[in-house]
Structures are given as structure tokens and as C-alpha cells.
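Sending over a structure as C-alpha cells; questions will come in a sec.
Every chain is named by a letter (A, B, C, D and E) in the order it is written, and numbering of its residues begins at 1.
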């Protein structure tokens, strides 16, 4: 574990001490990060091979499905730095340093959150990620509405997660431990009263809001729209997954006896949200908002997959989370390339870009197809497994999920066609061509997604 | 004898009610004089001759001079007195509430208080009182020094609060 | 939510009306209002507002990393080297040639071996019990 | 409840009532405070006399000294308020509400 | 103010609190509180500004009547039980009166409405003393009494966290906001005082550290309302990068020190079988968080346009002492990992 924590901490020092002569600070730190990611790949595989107690200590550990999230985090953070390059280029060097330190501390907290085996430790780090994210949104966002978005983000998350803290403390009183390693050997809880049901909800709602579940999702489009590109990327790619990860942990270990009936309304809500947010996407004109709502829609499927609690549901949720992490992050980067050229998020103002940025259209094409889950891509694997387990749960879900898949395809194609195809509006003639940096960024997002087609069991978790 | 004690106690409460009805400060000061006098009587009836002497001398002799002075500071052309109906009603209300509580809560035949009225007049309590006064200079010396320090502190506090020649003399603006 | 219903009532006639496909004024622009229309032709000179000068003017091979051409070039190389060559190519090859990721092949071999063994012994492939019931020590029902 | 306990309790409570519901003069508020201290003095004296406790019979004197200090500080505040606000009316003490 | 008088006043301030700390007799505790109040008055009114004098007047009336009620309860207790000992006060009626009197002195809701007004009239240094040192003596008494039933303290605590949060929502005056924040924080301490006094001690320690850092930051900026915070970037840029962390530590957000007492208090409450109280308290902390967040927005997270004359102050060396601020700010941000040590420190 220290293998990535220590280099991450070193990056703080790195960012502070570097005087940049030949390489910009940003490239150096992203190179540093890629090295961390490589260490992580190495360690991930090692963990998966020798999953034994050697690598567990009382507070931090890696579990079969954990390394994927840490890997995703470590992979995306350098990409965030690369993508912010244009955004940060005009800032003085000290602010660039602050920014990189902020992202570094975010990575630090995220790694700790994903690798905590003590639930309170997990909670602490879950909350600790709020702070850097809040600062990324409200300090480095662009519009004045970012302040409001930061409030929404912080208050939705905190209002739902403070009951979680109390619920965890209650659990500690009952079982005497919050360590995930020993909790699985404790006696099953006798949950029968009304208060126990509230406790169950308290344990889960924090993650459901973080995911976000439809109904508690209003903070997400605001935060996505107002955040700078790095904030949107990390939100969509990793922070939402923190909710899914937490749900998997909680529901498997402690919530088992009650989950069978109590999760019905949440599954229904999640699937309803898939359809509703998809419909919202169909009539969005704001590019980032569209991608944000599409995240809500995909996360609804993930919630459904986790809450039915079958191995296939879990595996599907895991696959979909990883694949969606890469896809939505890529889409936000693409939206940002548009934004840097046109200075607007509006789709109506940025149409027909295939004429001016033909190579970028390829990336748009791949990303849109990944978003709509085209067959060989891991997105499809995840969706199929979730859909299958949901049909197994109740065949009627097919109506919602089927409609959801159809609508997802429609808005993904709508987004692609609106932005790329058609005649070029006449006000868009003096655009910069796409930079190598942006191509690198898109390649680093989408090539892993494509490579995963060939070795999908890397992200399959339990099912092999 | 016991009737006097009850009379003192009733006077104590009535005097305090006068203080509480928020008339002009002169009346409140007058009420306070009544309370102090009645308090002296109550303490004497419990056998505390020295304590009541202290109360009489220090309170009536020292404190109320200062209050009279300050009442002059707060002088007003149309002082609120018992002539106003509101004050009378307020006074009656307060006294009435206290009376109701007295009827409800004072137990029958409980005597005066801490000990029976026969013992009150006895010699023992007087002895303890003078013992206590002399203990003040012995074991209670720390408290005595502390009180002296507080008095000194108050001197500085008063000086600091009222300091400043530039802000004019003591005055009252109408 | 309910407060929005009246607004819907106001906008309903508009929604039902059969309006043209594009929301663009077809009339000739008249005065200042017409200039602001979306599809109006802006001269390219106006495009370079926001205080930005295209870096391609100075450096035609601009990669998007830095204004200085040398730094720009180096950064591009470093980025591509670490990102593509090291992480994706070497990392991908490393993962691909790792023996038995997740011990799946081993598990498969073990499972087949067990199946063959059970078939030879004639016992059903899957036992009803997860643990062997003979090995479970049940505390006696009687005295201590 | 014995009569003396009731007497000084009700005297104290009356003083507190006067202080709490006071809306006119700062000086009257100070007098109410003084009345409260006075009833506490009586309570302390009668307690120590009634208990026959020698060591606590000097306590009323300390109480009186400290309450005199308090009254002195209160009067100083009265003077300071009269200087800054021009009156001792409590209604004029409204600068801090915004 | 003459330095000698200042020394005497500060000494008496310390003396009063110390006497209250070390006394076992109600009268002596009362004497300590009175000395505290007396010594505080000239410090509050030191520049004889009408607002300062008014604040001193209000403070005096509130503190003197609170102390009188406290002593009255002590006398009643003596009459009823024959005891003057603080630890052995056993009768429920005097204990309830004492609790209310102390909460008046501390500024707990619903007896808190004097606190914002008094804060508003003072300068930030005096406010700092008022918000930290002056809370210690009443809180020490609060720690020593054993309340007969828990509902009064829980009511006071919940009302304080709620009222402290609610009152600050619509404020633009920093001093009033900090007064409401003080009420809210004290509510947390009062909630747990009957279950675990050592947690109350821990909470007041952390509160003193975080709120001192906040006051010193504001003092460095010479800011008394939110608008004046807008130019703080130009005065101390590095400090302003840390300030949101300090403020959110005051709010009790997890990775900072301020989370430590909240976490332990919630744990204690849930251990005592009060999960609903714990949840409500935790959620009322969000109200306070809102105004801390607003301060953060005004100070750090937005860059206000500055005119040319207001931009250079950060180049000038500050005449104020910044070392205490640096230490306190660091302590306010980063002491969470030392939770076990802090618990050992305050274990009673």
C-alpha cells in the first residue's frame, strides 16, 4: 500500500520544489503519476495473484475488487493534470503548484479510502475527498454558479453521510469491531425492529446519494457543469465509484439480512432514474450537463446491479463502473476540447466539428459508442451482466432497462451527430487544430478501454 | 416574637416587590432600604446580631448613599410612581403570585426555618457567630486577602470604565 | 414542482404550435438585434477575443504543452513515451504475458481434476454439503 | 418549605423578575441585582446561624464585599453608558443589533 | 490603557478562572466568576466607544445575574441538603437552576441571544478572550455537577447546535457569526458532558485551538464583515490558502482536527443509546457548516477584483505576531491523527 502512498506524497514535494526548465511542471508531475500508476498495475496483479494475509494490515488492505479502483484513480490523476494544461497555462506557477497539490491530496485520500479495511477509516477518507473536490469545483471553476454547485455538492453528500457515521458507530457498539476483516466473522445481526430498518437506510443512503441515485442526483449535474475539466473527470470517473464501492462493502458484510426486501424501492428508483435521466439527456443543450446526466443514468444501472446482490450483479456493476469511469472521463475531456475552442458548453454552438477537427471526431465516435455500450466494449459486458441479473430478479425490469438502453443509444448518437456531423456553422472557422496533447489524452483514456476487450477478466472481479 | 419575624419576612418580600415593579429608581432604592431594614430584623431574630449590624451599617450607611447619588444621575422630569395604574397592577400581581405560592408551599407548623424559635434566641448561635468572625482572620485569611484584592481590582475597574477627561464630566442628556 | 404547472399551461400553446425546424430568424437582420443571431457570419478577426493569440502563429508544430517550442517538443515526447510506450505497450505486454492471472487456470485445472476423481469414485459431482458432516463436532445434548 | 426559605427565595425571584422584565432604567436593573444579592446575604446569614456553623458565618461578609464590588462596577458602567449614550435608558442600548 | 492596569486585569482574569477551577465551595466558585466578570469589563470597554460600552453593559448584566442565580442555587442547595460542596450537590432543583445559570453564562441556546450582540461590540482580541478563556470557568463548573436527569442537558445541547447554526445563517457580520459558532460548538460539549466529561474537555480544547486560529486570521485581515474578507487574498495569500481548512475544521469536516471531538461525541452518544440525538446533532452541524463555507467562499474560493492600491499589501511585512497563528492554524488542521494521544491527554 505504501508503494503508492509514498510516491503520491512525494509528488507534493515534487510540485513544491521543482524549478521547471525543460519540462513544464504539469508534464513532470503527470509523468510521475504515470509511474505511480505503473507501480500500481504491478501491485494489482501481484495482489490478485497472492491474495493472502501478507498484504493485509489492520487498517489498509486490498481485496479482490479493490485494485481496480485504485488503478483507475492512479491512472486518471495524471490524465487530469494533462487535461488541465490549457486551463492552467495562464496561471502563475504558485497557483499551478497549489492545483497539483490539491489533485495529489485527492489521489492520496482516494487511495486511502479504497484501501481502508476499517469502516471508520473508510468513512473518514470518504469525507476527506470532499474537501479537495470542493476546492477544485469552487476555486477553479469558471462561472459564478460554481459557488452554488459547491454548496449543493457538499451539503448533499454531508447530509446523507452524517447518518452513515452514526450508523457505523452503532454498528461498532453492537459488534465491537468495524474492521472489515473481522466483521465477516461476527455473528449475523438480529435486525427486526423499525429502528434497524432506519439503520439499514442510514448505512446505504450516503452511498446512494454519492452514486447518485435518481432523486438525490441534483448536485451532480451542477457540480459537473461548473467544475473545471479535471473536477468533472475525477467526479465522474472515481468519486461516483466511491459510492458503488462503499455499497458493495456495506451490503455484503453487514446489511445482508435486511437487504432483501428493503432494497426493492431503491432498485425501482434506480431503474426509473435510468429512464428519466436518459430522457433528460435527450433534450439537453449543455454538453457537460448531458454527459453528467448520462453518468446518473449509468450509475442507476450500477445501483440496480449491486442491490440485487447476485455475483453477476456485482461483477456487472464492477465492470460497468470501471468502463464508465474511462468513458465518461473521456467524454468530459472531449467536451473540454470543444469548450477551449468555442468558449461555450452549448451543443448548438459547436456543430459539425468533423469538418475542422476530423481526428477528434474519431475519438468522439469511439467515446460515444463506448457510452452507448457497443458490443465488444467492456461497457456492454457490464450492462449485459447487470441486465441479466435484474431479469433474474424480476422480468418486469426488462421494460425499464430495455428502454434505458434504447434511450442511452439515442442520446449518445444525438450527442455525436449534433457535435460532429452536419454543416459547419459559419462562426466556427478560426478554430485551433487539435493538439498532440489532446490526442494523447484521448488515447490514454480510450486505448485502455479498447485493450480491455482482449483481457476482460482483469476487471471481472469474482466471476471468471 | 414570632409575629415580628413574620412581619419582617412579609416586609422583605413586599420591599423586593417594590424594587421589582420598575418604578423610577428612587422608589426602587426606597424598596431596597426597606428590604435591608427588614433583612436586619430577620437576621437579628435568628440571633445574628453582628451580621445584621454589618448589613445595617454597610448597606444602609454606605451603599444607599451611592444609589441616591446615582438616582440623581438618572433623574427624570416625570418619574414613574405608584400613581400609574400599570405599576399598581404589576405590584399587586407580583404580590398576589408570591402570596399564592406562599399558601401552596409553606408547610404548616414548620417553624421559622433552620431551627426552632426557642433555640434561635439561645446563646449557642451567638457564640458561633463570633467564632466565625474571628476565624475570618485565621483560617479564612486567604478569603480575606482575596476580597481585598477584588476591592482593589474594582477600584481599577471603576477607574478604567469612567476614565477619559476628553469625554466630559458626569452628565445626563435629556 | 407544483408551482411550475401554471408555466406549463402558458407554454403549452407554444409547444403545440407547428413551428419551423430551426429556431433561426429568416428575416433580414435589422439593427443590433439581428447581429446577435447565432448563425450570423462573424469576421475571423473578431474570433481572436478572450485575449488569446493562437500559438500556431509562433510555432506551427504546436503540441499543446508550452509556448516555448523546445519545451513543447520535449514535453510531447515525454508524455507519449510514458503514456503510450511505457504504460500502454510495455504494461499491456507485461499483463498479457503474466502467468495465470488471478489463479484462474489453476482453479480450472483443479476443478477438472476433482471432476475426474469424483467420476472415478462414482460420487455425485457436487456434494450436498459444503462441509463434510462427519467432521463436524456437535456438542452433546446431555450434560456439559 | 420553611417560611424563611420561602421568604428569601421569593425575594430573590422577585429581584430576578424585575431584572429580566426590566425595560426602562439601567439603574433600576442594577438595583434589582443589588436586591438579589441582599436576599442572598440574608439567606447565607440565616443558614449559617441556623446551622450553628461557625466557619461559614463569615461567608455573608465576603458575599457583601464582592457584591459591593459588583455594584461599584455596575455604577461605573452606568456612568460610562450615560456618557456614551447620553442616557441610562435601556432602550437606547440598541447599537449592537446589526 | 496603562500597562500596569492591563497586567492587573489580565492577572485577575486568570485568577478568577483559577479560583473557580480549584474551588469545591459554591461561594468560592461564585467569587471566581465575579472576579472574571469584573476584570473583563475594562478590557471590553477599553476604547470607550459607545458600542464597546454597550457590550460591556450587556455582558455585565448577563454575567452578574447568571452568577447571582448560580449562588442562589448554591444557597438553596445548602438549605435543602446542608452541603456547600460542588461535587456533592445532589438535589435536583438546585442542579437544574445551576445548569440554567451556567448555560446563561456560557451562552447556550435558548439563553444565547446576548452573545452575538456582545461579540459585535468588541474588537477581535477581546472577542478571542471572551470566546475561549471566559468559557472555561463556567464549563469547569458544568463538568463537576451531576445532573439528575439527562433531558435538560440534551435539550440545551440540541437547542444550541440548532440555534447556533440557524442564527448564523443570515449574518454578514463576522463577529456575530463567530458568536453563533461558539454557541453551536458549546452545544456539542454540553450534549456529552453528562456521559463523558473528558470528551467535553477535549472538545473545548479543540474549540479553543480552532477558534483562536480563526480569530487571529480575521485579526490579521482586520475584517469584521464578509465584504471585508474579499481583499484578504491581497493581504496574506499563503494564509488564505490555509484558512478554508481552518474554518472547515471549525465546522468539523473529517480530515481536520475539528472532526475529532465531533466523532467521539457522536460515538459516545450512540454508545449511550441515543442514536436519534446523535443524528440530529450531526445534521444540525450542517447549518453551521453553511456559514463557515460562506466565509471560505468570500476569503479563498473566489477572487474578487481588486483595485491597484489594494493589491500590494502582501509584500509588506506584517506588524502583527504571526507565529501563534501559524502554530494554531497547523494544529487546527492536522491533529486528527493524534486522536488517541488527545484522548489520553484529557482522560479523567
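By definition in this document, a residue touches a chain if its C-beta (ideal position, glycine included) is under 8 Å from a C-beta of that chain, and two chains touch if they have at least 3 such contacts.
Since the structure is predicted, the reported quantities are computational estimates derived from the model, not experimental observations.
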- [ ] Would you kindly count the fewest steps from subunit C to subunit E, each step being a jump to a chain that touches the current one?
- [x] 2
TODO: Please identify each chain that touches subunit C as well as subunit D.
DONE: none
- [ ] Average the C-alpha coordinates of each chain, average all protein C-alpha coordinates together, and give the chain whose average is closest to the overall one.
- [x] E
Open item on the list: Need the CA-centroid distance for the pair subunit B / subunit D, whole Å please.
Closed with: 8
Open item on the list: Measuring centre to centre with CA averages, how many angstrom lie between subunit A and subunit E?
Closed with: 40
- [ ] Return the distance between the CA-based centres of subunit B and subunit C, expressed in whole Å.
- [x] 81
Task: Shared interface positions of subunit D, touching two or more other chains - done: 5, 8, 26, 47, 51, 56, 62, 66, 69, 73, 76-77, 80, 83-84
Task: Junction residues of subunit A - those touching two or more other chains - done: none
Open item on the list: Please output the residue numbers of subunit C that touch at least 2 other chains, ranges allowed.
Closed with: none
- [ ] For this structure, give each pair of chains that are touching.
- [x] A-C, A-E, B-D, B-E, D-E
- [ ] Under the touch definition given earlier, write down the residues of subunit E that touch subunit D in their complex.
- [x] 27, 30-31, 34, 37-38, 41, 45, 48-51, 53-58, 60-61, 64-65, 68-69, 71-72, 75-76, 78-79, 82, 84, 117-118, 120-121, 173
Task: Residues of subunit A touching subunit E in the complex - done: 98, 109, 120, 123-125, 127-128, 130-131, 135, 138-139, 147, 150-151, 154-155, 158-159, 162-163, 165-167, 169-170, 172-173, 195, 199, 202
Task: List of subunit D residues in touch with subunit E within their complex - done: 5, 8-9, 12, 16, 19-20, 26, 29, 33, 36-37, 40, 43-44, 47, 51, 56, 59, 62-63, 66, 69-70, 73-74, 76-77, 80-81, 83-85, 93, 95-98
Task: subunit E to subunit B touching residues, read off their complex - done: 1, 5, 8-9, 12, 15, 19, 28, 31, 34-35, 38-39, 41-42, 45-46, 48, 56, 79
Open item on the list: With touch defined as at the start, can you tell me which subunit C residues reach subunit A in the complex?
Closed with: 38-42, 44, 47-48, 50, 54-56, 62-66, 70-71, 74-76, 78-80, 82-84, 86-88, 91-92, 94-96, 98, 100-104, 107
